[in-house]
């Protein structure tokens, strides 16, 4: 019979390699007849394993068809991203709206429309608000009481900015070259945005 | 790799390994007189990966140095194998015959008296064959080395833990700041705002401060004018705050109230 | 940013849940942009994990397409009992072809045949391609435009290699000059011989 430690290691390796729950007799069957552990010993090994997994990313669970090792529920938010779909792209209109709010805040939707020359859809404002990049800071005291939009701290965090003054000035945006230069200075991080896990290119 | 199971894998250096099994009898070595029971011949041929492999075997079997092949002897043996297989009408890859012809040619050239003169002299007809044998042998070895590496599902296994309750969450789009700026550039082109007097170096920190002030002066409440200034921001910060307040006044978003001369100034949002 | 311990737990949970190797940027992508760890931190977490797996049934391995957790080879005798069928054995012909592609890539089928002295069966190429161990990277610009084969990341993954430089060293080969010296000859030209493909050792 393998000693306690070894038994624990074999049980761990088998449960993880199987990728499905294993019953005690399936675990027994991994051993030659004369060195087969008793179920009690296997249970002990599983208990030891379970203890060793305290404070770890995984845990031992007993389910209908036996024992399995599974990811602790608290890590689901991160691990689920492995299967996340490729995110859609934002529309040009949304990006323009965002840029105008950033540069001309506080600004009303009507003012954005004046500058863009086209109307701003409710969806765009909703998306930006839900993403917590912009919020309403109040309402302009004019007929219709339009909402005044400003950018948030989350906006700065996402784009890795300490403050709005780290954005290139309008004058600098005039030509693309200066944007590129500016970005290399201001913003080396965001260029390497996370690629969705499941879409690694060769 | 001395992997022996279930493979017609021939190891010249391992003489005790059955070379072929004929009528249930293991055959440790091929008979030196070249007699091979017909049933075994096919097995024998299967054990070789082509004429170079067969030649290597013939050489290694006699512990000969590859660089010093007794070409006449090897050629004779090789040709005998080939002829035998031909007689038995075993399907023989054409490459074996090409090699036989090549060997015969080398042999005949070796037998010729060495020309006393000129270029022919330096030309050992075996050189090219030796080169090819060496080249083949190194990859034959490399193939065995490869097989000796840890294989997945043979020597080790990828492990997997269950993710219960896995939910595919819709990811939010990633945006690079550059895209936002390019979008802005477009708008600016369209709106022809480049000439606007508002385009100033300080504009953004003033804008940012405007948002900050608006957030402080929540509608309805009066707040002391001086409370809007953050002393720790220094002189420039104070100026920016002041400009922001002026801009907000100009845009009619703020209201300043002073009850009497030299009394504290209060600020009220003109938001609703 | 999650602290060290938490980072280690998340990395462990993700590698185990993925069931395939994950590259560092795939691991980074599990985090929200503003709490994304640096690659250096991920490497540290992986090293800590690797250490924690000492004396355990599993280990962290770095292979072609990233990091994975796998069964320690010493436990294979038990773990392999989980599956009734035995692992595939590969023929010498297949292994020799694969070795030539691995060591001489990019290489055409004709070049492989020249060195092996025998034709390469279509089945072998098909098997290697289906297993995704080799792929066509282009075509040589000679008559017939033969396909050029290279090995893939999956090849590295399967053979537990980080990169091609981890392949076992190729045996020495004596060049023609030294062969001829050995033979006490001078001129390596052998014009009366069938011209072999030009495969001098690199």
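Chains: A, B and C, in written order; residue numbering restarts at 1 for each.
The rule is short, and it goes like this: a contact is a pair of C-beta atoms (placed from the backbone, for glycine too) under 8 Å apart; a residue touches a chain by one contact, two chains touch by 3 or more.
Keep in mind the model is a prediction, meaning the values are calculated, not measured.
Undergrad: Measuring from CA centroids, which chain ends up nearest the centre of the complete protein set?
TA: Most central by this criterion: B.
Undergrad: Relative to subunit B, which chain's C-alpha centre is the most remote?
TA: Chain A.
Undergrad: Would you mind pulling out the distance in Å between where the CA atoms of subunit A average out and where those of subunit B do?
TA: It comes to 26 Å between the two C-alpha centres.
Undergrad: Report, in whole Å, the distance between the mean C-alpha point of subunit A and the mean C-alpha point of subunit C.
TA: It comes to 31 Å between the two C-alpha centres.
Undergrad: Averaging over Cα atoms per chain, report the distance between subunit B and subunit C in Å.
TA: Each chain reduced to its C-alpha mean, subunit B and subunit C end up 8 Å apart.
Undergrad: Could you pull out the residues of subunit A that touch at least 2 other chains?
TA: 13, 16-17, 19, 58, 69, 71, 79, 81, 158, 160, 190, 193-194, 196
Undergrad: Which parts of subunit B, given as residue numbers and ranges, touch two or more other chains?
TA: 157-163, 166, 174 - these are the residues of subunit B that touch more than one other chain.
Undergrad: In the complex, go through subunit B and note every residue touching subunit A.
TA: 157-188, 190-191, 193-194, 196, 198-201, 203-205, 207-208, 210-211, 214-215, 218-219, 252-253, 269-272
Undergrad: With touch defined as at the start, can you tell me which subunit C residues reach subunit B in the complex?
TA: Residues in contact with subunit B: 13, 16-20, 33, 58, 61, 68-73, 76, 79-80, 87-93, 95-96, 98-100, 102-103, 115-119, 157-161, 167-168, 170-174, 176, 179-180, 182-183, 185-190, 192-194, 196, 199, 201.
Undergrad: Would you pull the subunit C residues touching subunit A in the complex into a rising list?
TA: Interface residues on subunit C, with respect to subunit A: 5, 8-14, 16-19, 22-23, 25-26, 28-31, 33-34, 36, 55-58, 65, 69, 71-72, 75, 78-79, 81-82, 152-153.
Undergrad: For subunit B, which residues are in contact with subunit C within the complex?
TA: Residue positions touching the partner: 5-7, 9, 49-53, 67-68, 93, 95, 98-99, 102, 105-106, 109, 119, 121-132, 134-163, 166, 174.
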